[in-house]
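Chain nomenclature is as follows: A, B, C, D and E, assigned in order of appearance, with residue numbering initiated at 1 for each chain independently.
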Amino acid sequence: MTGLALAPRNTLWSRLRRRPGATLAMAAIAISVLVAIAAPLLALRDPFSGSAASLLPPLSPGHPLGTDHLGRDLWSQLVYGARVSLAVGILAAASAVLIGTAIGAIAGYVGGVLDNALMRLAEFFQTLPRFVLAIVTIAFFGSSVLHVIIVIAILSWPQTARLVRAGVITLRSAAFVEAARLGGKSDTAIVVREILPNVIAPIVVTGSLDVAAAILLEAGLGFFGLGDPNLVSWGGMLNQAQQYLRQAWWMSVFPGLAITVVVLAFNLLGDALNDALNPRLRDAP
Amino acid sequence: MGPHELALLTLRRLVAAIPLVIGVVVVNFTLIQLAPGDPTTALIGDYPAPPGYVEQVRAEFGLDRPIPEQLGRYLWQVGHGNLGYSFAHRKDVGELILERLPATLRLMLTALAIAIVLGVGLGILAARRRDSPLDHGTRLFSMTGYSVPEFWLGQILILVFALGLDLLPSQGARSLRAPPEGFAAFLDGLRYLALPAFALSLRYIALISRITRASLLEVMNADYILASRARGARERTVLLAHALRNAAPPIVTAIAYDFGFVLAGSALIETVFGWPGIGRLLFESITRRDYPVMTAILLFVSLGVVLANLIADLFHAALDPRVRRP
Amino acid sequence: MTHRSFLRRLLTGTVLAGTTLLAATNLSAQTRGGTAVIVIDSDPETLNAAITTGNAPGDIGAKLFEGLVWVDPDYKPQPSLATQWTVSQDQKTYTFTLRRGVKWHDGRDFSSADVKFTYDEALAKLHPRTQTTLRRLAPEIETPDANTVVFKLKETYAPFINIQTPFEAPMIPRHVYAGSDIKANTANEKPIGTGPFKFAEWNRGQAVRLVRNDAYWEAGKPYLDALVFQIIPQGPNRSTALETGEVDFLYQFYVSRPDVKRLADNNRIQAKRGSATPAVYFLMMNTARPALATKEARQALATAINRDLQVAQAMDGHARPGYGAFGDGFPWLVNADAAYAKKYPLDPSKAKALLDQAKVAPNTTLNLVFDPARPMFNAGGQIIRDNLRQVGLNVNLVPLERSVMIQKVFTERDFDLTLQSFSSSGDPSIGYHRIYLTNETRAQFLNASGYSNKAVDDLLGQAATAADQATRARLYREAQGILNEDVPTLVLYDEVGTDLASRKLNGLWKGVDGRDRWSEVWMTR
Amino acid sequence: MNASVIAAHDLQHVFAMRTGLFARRPLYALDGVSLDLGRNETIALVGESGSGKTTLGRLLVGLQTPSRGQVTYRGQDLAALRGEAWRAFRRAAQVVFQDPAASLNPRRSVASAVATGLEGHLGLRGTALYTRVDELLENVGMPPAQYRDRLPHELSGGQRQRVAIARAIAVDPEVLIADEPVSALDVSVRAHILRLLQRLQHERGLACLLITHDLGVARAIADRVVVLYLGRIVEQGPAETLLDRPRHPYTRSLLDASPRPDPARAREPQAPRGEIPSAVNRPTGCHFHPRCPHAVDRCREETPNLRSFDDGRLAACHRAEEL
Amino acid sequence: MTEPLLDVRDLRVSLRRSGREVSVVDGVSLAIAPGEFVGLVGESGCGKSMTAFGLVNLFPTPAAHLAGGTVTFHGGRRLDGLPPAAMRRIRGAEIGMVFQDPNTYLDPLLPIGHQIAEALREHDFAGDVDARVLELLTLMEIPDPALAVRRFPHELSGGQRQRALIAAALAMNPKLLIADEPTTALDVTIQAAILDLLRRLRRQLGIGVLLITHDLGVIAETCDRVYVMYAGRIVESNTTASLFATPRHPYSQGLIKATLRPDRREALFSIPGQVPSPDSPPAGCRFHPRCPIAIAKCMGQSPELVSYDSGSVACHRAHDPAARTTWSASAA
C-alpha cells in the first residue's frame, strides 16, 4: 500500500534530478515545448510556402535544413510540426489518463458487476489491434488533429484504468480509507481526496508513456498519409519523404530524428518517474 | 502440474475468452461497416461501371442486406469456420489467411525469439549492474529502440544494409530467381529474415529488457533472495533458481500482452520489407476495403492475443503453484 | 510537331534500328534460358485477364494469354492468334483468320469457338472496359469454321482491331470455362492460356511464377525459362530492388518517379520514356458551387495555378504541362490556338482581377478532395493551396480514402475542387469524353463538375463515331475551343511514363505496351 | 455492568472459499458469537490469528454485514438503520487500527487526519475546526504547534497511533474498537498508548473493545476478556479471574505459551500441540479437541455450549469443572 | 570463557544515504561460546539486525556495508575482509540464519524440500541430499516429511514454514545459528513451539545461537546471556538471570519494566521519547535524552562498556545506587 504512496514533492524532484536520463529528458521536453510555442518566431519562412528551389540540401543559403520536394523550408516545417506532434501527444495522453482514471476509480471503488463490466470493456479495448483500428477510424472520420486525439485517447485509456483500479482496490480497504468512511466522508470525497492522490504515481508514469505512444501513433498515421495535410506534422513530413528517401535523406532524417528524440524523452521521463516513484526500487530508506 | 489440472485451467480460460472474442467480432464488424466507402469500388476499377453492375455485385456478396443481417450471417459463418469471401482476391478468406499465416508466424516468432533472448539478456545485465554505465547504456539503447518509429527504422535499415553495404536483400521472404534447396534454403531464408525480424524486434527487445530489469530489481530485493544468499547459494543459483523464476511472470505477461501489437507492428514492417504475411495482407485489405479479410484478420489477431494470454496463464500456472489452484 | 511525338519517333527509331542491327549481325546472341523478375505491387485479384483491368493481372496475363493481334510501337496491329484480317467497306464487319496449330497450355486445340466464347461470355459481360465498348458495338460473332471468326458490329468503331490485344481482349479457353461461373472458376488461380509462358505457382503475397511454354506456336520462343512476378508494395523499395538486382523489370505504373533519374543514370539499368496510353491529370471544379459557378472564377484558378511547378514537383518532371481540355497525348487533335499556355499564363494579379470580376469574396475557402494514396495529388494539392493563397483563396485539403473519395466526389458531389486522373484507354472517345459530357447518373469516374453544355455533348458525340481522323480532329478542336474557355476542369498535365529494366534484359519494348511481347525478351548471362 | 451500547446476537460470518473449478466451501470466520459491549468498560477480545477477532470488530462497527444474526446499537438492528440514524451510529462507533502507518493517509497532514470526522460528521469548518483539532492533539499529548502540519512519515509509530486515536475520539464516539492498537509498536512505548486509551475510556465513559493477541495487553487494561477460537467464544469473564485461573484448556495453553520477562519461571514446554486449523476445515465437536491435552471422545463428537459459572464466567468446555 | 565460537570486536556498519555515510552499528563487540544461547535485545531501529547481517557480511540493501571491526569465528578465522567466495562457503555451512517472517523468506515458487536441499547442494554436501532433507524435516517435527518435501510454502502453516527455514539453516550442521526475530510474526502458541524447538536443537546439536528479538519475555525463556543494544551500541550485557534480577543500565531497566505480563497486572510503564535516528545520534551517552538520571557528563562523554561481576555496562552512573531503580520515581 505504501508502495502506491507518492512521496512528497521535493524528494521526488530531487530523486528525479539524480537520474541523468531524467534531466536530459526533461530538458528535451522543455525545449520542444518552447519550440512549439515559439514556432512563429523561430520559423524562417511560412512552412507552406513553396518555391522552385526544391530538394535543396541542408546548409543551403536561407535553408539550414534544406528544402523538401515542393521547395518548402524544412526547418520551418520542423518547428511548426512540433506543435502538432506535441499537441496530439499531450492532449491524447491527458484525455486517456482522464478517462482511464475515472473509469478505473469507479470500477475499483464500486466493484461488483460494474467493475466486472468495465474491466471486460478495458480488456476488450486492449485486445483490439490499436493501430489498425486507428487507421480505420481515421479513414472513416477524416483526418483532423482532433479526430486523431480522440481516437488515440479512446484506444489508450485501459492501461491507466487498470492501474488506477488496482490501486483503488488496494486502498479502498486500507485503514485510512476506512477511517475516512467512519469519519463520515462521502464516497466521492474518499475517492477523490483520500485514494486518488495515492495512486498518482502509476498515473503519472503511464501518462508520460502514453504521450510517447501517442506521438508515435500520430507519426504512424501520418506516415500512412492519414495526417491532416492542412497542418505540418512530423509524421506527415515522413510520409512525403518516403518518396525521396534516396534523393533527399534530409527530408526523412530530420523529422525521424525529431520524433525519436521527443518520444525518447517522454519514455525516459516515464521510466525515471517509475523508478523514482517505486519505493521498492529506491535506495535504502 | 497434472494433465487434468492443465486441461481444466485451459478450459476455464477458453470459456472465459468466448464472450471477448464474440465482442471483438461484433465491434470490428460494426466499425468497419460504419466506415464509409464501398468495397465494390475496388472490384470495379478505375473505369465507369455500366449501370446495374454495382448493384449486381453488391447483391452477389450480400452487401445490400441490412447490417444486422450481414452481421448475423457473418457470425453464423464464422461459427462454422467460414470466414467469408474476399472481393479483392476473389478467394476464400480462410484459405487466403492460412496461405499468409506461415510467413507472418516465421517473422513474428523470429522477432519474438530475438527479442526474448536479447531483451532478457540485456535486462539481466542492466539489473545486475544497476546504475553502472552498462546499465545506463543498455537502458538508453533499449529506450531508443523503443522510441524509433519502426517504419522509419525499416527504411533506414534497407538504405544501409541492402543498398549501402549490399549485404542483405531488401524485399521478400526468399530468393525467387533460383530457389535454393535444403539447408541452403534455410540459410537463404535467414538472410531475408534478418532485416525485417530485427526491425520488428527492436521495440520488443526494448520492452522486454525494461520489464526484465524492473522485475528483476524488484525480485532481487525480496526476502527469499536474501535467505538464499544466507544459505550460501552461489550468485548463479540465486539468479537462475530464484530471481529469474520469480521475475518471469510479469515478463511473460508483457510478452503476451504485446503480442497483438507485434502484429500491428508487423503490418508496417511487412509492408516496408515486402514480406508476404498477414500484416501486409491487413494493410492491403484496408486500402482495398476488403471487409471480409479485415474482419477475419482482426478476429485472428484477437484470437492470437487470447491464445497468447492463455499460454502466458499456463506458463504462470506451471511456474507458480499458487496460481495452479483453480 | 510537338516535342513529345518527336521524342517518340526518336525513341522508336532507335529501338528499331537497334533490333535491325542485332538481327543483321548476330542472331545467335539471343540466348535461351534465365529467369526474369518483374515487379508488381500487390497480389493480383485474379489471373484471368479477361475479367479485370487490374494492372497486375494485365501484366501477368500478357504473358499467359494472347489477343488476336498485338500492337507495335507505331500503333500498328500485328498478327498474333489471328494471322490476317479483313474489314468490310462499311467498316462494320471484321473477318479474322486464326493461326493454325495453336494449343492451350493443357494441350487442347485453340479454335474459333474459344474466340466466340471469350467474347460472348467473358469480355462482353465481365471485362470492365471492353464490355462498355461492346455494349455499344453489340457485335454478332460468327464462326464459319474452326479458323475463322466474323464480327458484325452495330456501329463503326475505328480502333476495333487495336483492342484485340491481350489487355483488352485476351482469349480464354472455352473448354475450361464453359458452363461455369467464370468469376469463380478455379482456373482463375491456375490460368490456362495460349501465351509464351505457362502458369507454375502463386505464393500469395510473394510472387507468381510462370515457366516457359515449350509448346508455344512460335518456334524457338520464348527465350526465357521463367518469369517471376515479385510483389513489392512500396514504390521506393521497388526502385531499390531494381538497383540491387533483385528484380529486372519495373513497368512505368509501378515506378516511383523521384527515383527515375537516379535509376536511369545507373549503368546497369536501361530506361524507356513514353506512355503507351495517354492519361491526363486534372483539377475538376464543382460548378454547382457559387464560388465556381462563373467561368471567370474558374479562369482565375487556371491563371493562378502553376502547372509547370506541378510537373516539376508533383511529377518530378515526368509529365508535360496541361495543354488543354484533352492534353496533348493525341497530337492530331490538339487546338494550338486555344492552348492553356496562350490563354492562361501564370499571372496571380490577373487571377485576382478575375476573381473580383466573378465577385468571389477574398478568403473564400475551397475544399479540395483527393485520394492521398496518390503521391502526386498530395504534392499537387499543396502546390495548389500555396498558389491560390497568393490570390486570396483558402484551400482546405481533404484527403479521403479512395472509396470514400469516390462517394464524396462522384456520388454526393460534396466538393469544391478535386484532383483526378483519367486514362484515355487508347482513344479520347473511350477515356476523355467522360470528363466533359453532361452526366446526371452520378456514377463513378464520370463528369462530376456539374458542367453541362449541349454544344460540347454534340461535338463529342460526333467525334466518337466519325470514321476518319481529320473529321474527328476538327470536332475535337472545336470542342477544345469551348472547353478551354469554360474550364470546368483544368487539365494540369499529361503523364509521361518510364519503364525501367536491368540491362541484362534484351529485346524489350517490341510492343507499344512494355508488358507485351515478352516472348522476344532474352537475358544476357 | 452498564446497559449495552453495542451488542452482537448470534453472529455468523461466512465467506465462500473457492476450492475447485466450480466448488466453493464455506469459511466460517465467525459462528454464533454473542457479545455485549456496555458503557464505561473495556473488553479484550483475544485469540490467535484466524480466530475471527478482527471480523467481529468490523461487524460491530458496520464496516461489514454479518451473514446471520444481528448487531444492535442501542437496541436497534444495524441492518435497519437508514439516513440520519445510520450516520449517528457511524459517528458513535470509531476504530483505531492496527498499523498506525497504514491508518493515516501518507499524503495528508496530522491536522487533516484529525479533522476527518470533524468535517465529515460535525461539519466543522474554519477556525472552529482548527481549534478543535488543536484541542484534540493536545489531549493525546502531541503539542499542536509542533505536529499539526507534519506528514505521517515524519512521525514515530507511537505518535502516529496517537494521531489515529485523536481522529477516532474527535467525533465523541460512544464505542471505540481498538484493533491491536499496540502490536506494531515497540515494547517501550506500548504503555503510552494503552494508558492514553485507558484515560480516554474513563474520561468519556467509552465502551471499548480491545482486540489483541497479547494476553499481557489484555491484562493491563481490560475489565473483561473474551477468548475466541475458530470463530467461537470459548471463554469469557473478568480479566483477573480468567487470566489467573482459566477454565478452558485453550485459554490455559495461550497463557502457558505467553513469554514473560522472568527467567526464574521454570516453564516446561507446554505449547499446545499443532496449530490452529483452517476455518474451512473445522474439526468436529469442540474445535479445540485435536490440540487439547484433555480431550475425550465426547469432545470429538459434541460441540460444547458456552456455560455460565458462578464466578461470573462463561466457558465452552465439556470438562471445565474437572480441570 | 575458553575460545569463543564467535568473537566480534568493534563492529561497525554504515549505510550510504543521499551520498552520506550513516553509522547504524557503531562499535559493537560481542562473543558467543560454543553451544551458548545468546540474546540481543533492543527496540527497533537500534541496529540489532544490521549487527547480525554484519557478522556474515550480507545485507538486505546494497546501501549497507561493513565499516570496521573484526569478526573472529571458530578456529580463529577472521570473517571480516574475507573474499565473497570464501564468505559464501561460511554462510549456510558454518553459520545458519533464520529470519523474522517465514512467509517472505521462502521462495513461493519452489517446494520447501528444494529450498532445504539448496543449502546442501550449494555447499556440495557429500551424503545423500534427499535423505538428509527428510532427516531434517523429521528433526524439525514437521508431520509427514516425505509429503512435506514436495509442498510449496503456501501449502504450509506459518509455524511449519518457520520450521522449514530453520531446517534449511541447519542443513549443513552449522556451529552458529543467527535467528533474527524468528517468532515475531507468529502466534504465541506457535512462538512457544518454535522456541521449544530451538532449545531442543541447541541441546541436541550443541550449536551456538544468537537470538535477536525485541521481546524480553522471549529472551528470559531461552537465553543464557543477553546483550542489550541501544542506538547502534551495546549498553549492557550479562547472564540472563543477573540481567533480569539486577539490570544496571537505565535502558535495560526500562525495557524490563515496560514489558507487559499476562500473569499479573502492573502499572503501565513506558520509556519516554524514542530511539534517535542514526542520521543524528545525540552526543555523549546516546540514551541521555530519555534518561531520568542523566547528568552533565552523560551529555558530553560517551560511556565505555565497563565489566562488573558476570557482566558489563556502559553507564556513567552504573555504580550509583540511585541508578538501580532509575524509573521508580517516574513510573506513572
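A few points about this structure:
The working rule: contacts are C-beta pairs under 8 Å (C-beta built on N, C-alpha and C of every residue); 3 or more make two chains touch, one makes a residue touch a chain.
Here the structure is a predicted model, which means the values were calculated and not measured.
Should one ask which of D-E and A-C has more C-beta pairs in contact, the pair is D-E.
Seen from the C-alpha centroid of chain E, the farthest chain centroid is that of C. Work out the mean CA point of chain A and of chain C, and you get 46 Å between them. Put simply, the C-alpha centre of chain B and that of chain E have 54 angstrom between them. Rounded to whole angstrom units, the spacing between the C-alpha centres of chain C and chain D is 90.
Here the spacing of chain A and chain D, counted between their Cα centres, is 49 Å. Among the residues of chain A, those in touch with two or more other chains are 139-140, 242, 245-246.
Among the residues of chain E, those in touch with two or more other chains are 61-62.
Residue positions of chain C touching 2 or more other chains: 234, 236, 240, 373, 401, 404. Of all the residues in chain B, the ones that touch chain C in their complex are 36-39, 41-51, 87-91, 96, 99-100, 103, 155, 158, 162-163, 166, 169-174, 176-178, 271-277, 280-281, 283-284, 287, 289. Contact residues on chain E toward chain B in their complex (touch as defined above): 56, 58, 60-62, 88-93, 96-97, 99, 101, 104-110, 115, 118-119, 122-123, 152, 154-155, 165, 168-169, 171-172. Contacts from chain C toward chain B in the complex involve residues 35, 37, 42-43, 45-46, 52-54, 128-129, 131-132, 135, 183-184, 188-189, 203-207, 209, 228, 230-234, 236-237, 240-241, 243-244, 246-247, 373, 401-404, 406-407, 422-423, 425, 434, 441, 443-446.
Residue ranges on chain B touching chain A, taken from their complex, read 19-20, 23-24, 27-28, 31-32, 34-37, 136, 139-140, 143-144, 146-149, 151-152, 155-156, 159, 163, 210, 214, 217-218, 221, 257, 260-261, 263-265, 267-268, 282, 286, 294, 298, 301-302, 305-306.
Those residues of chain D whose C-beta lies close enough to touch chain E in the complex are 48-49, 156, 158, 186-192, 194-195, 198, 213-221, 239-240, 243-244, 253-265, 267, 269-272, 275-276.
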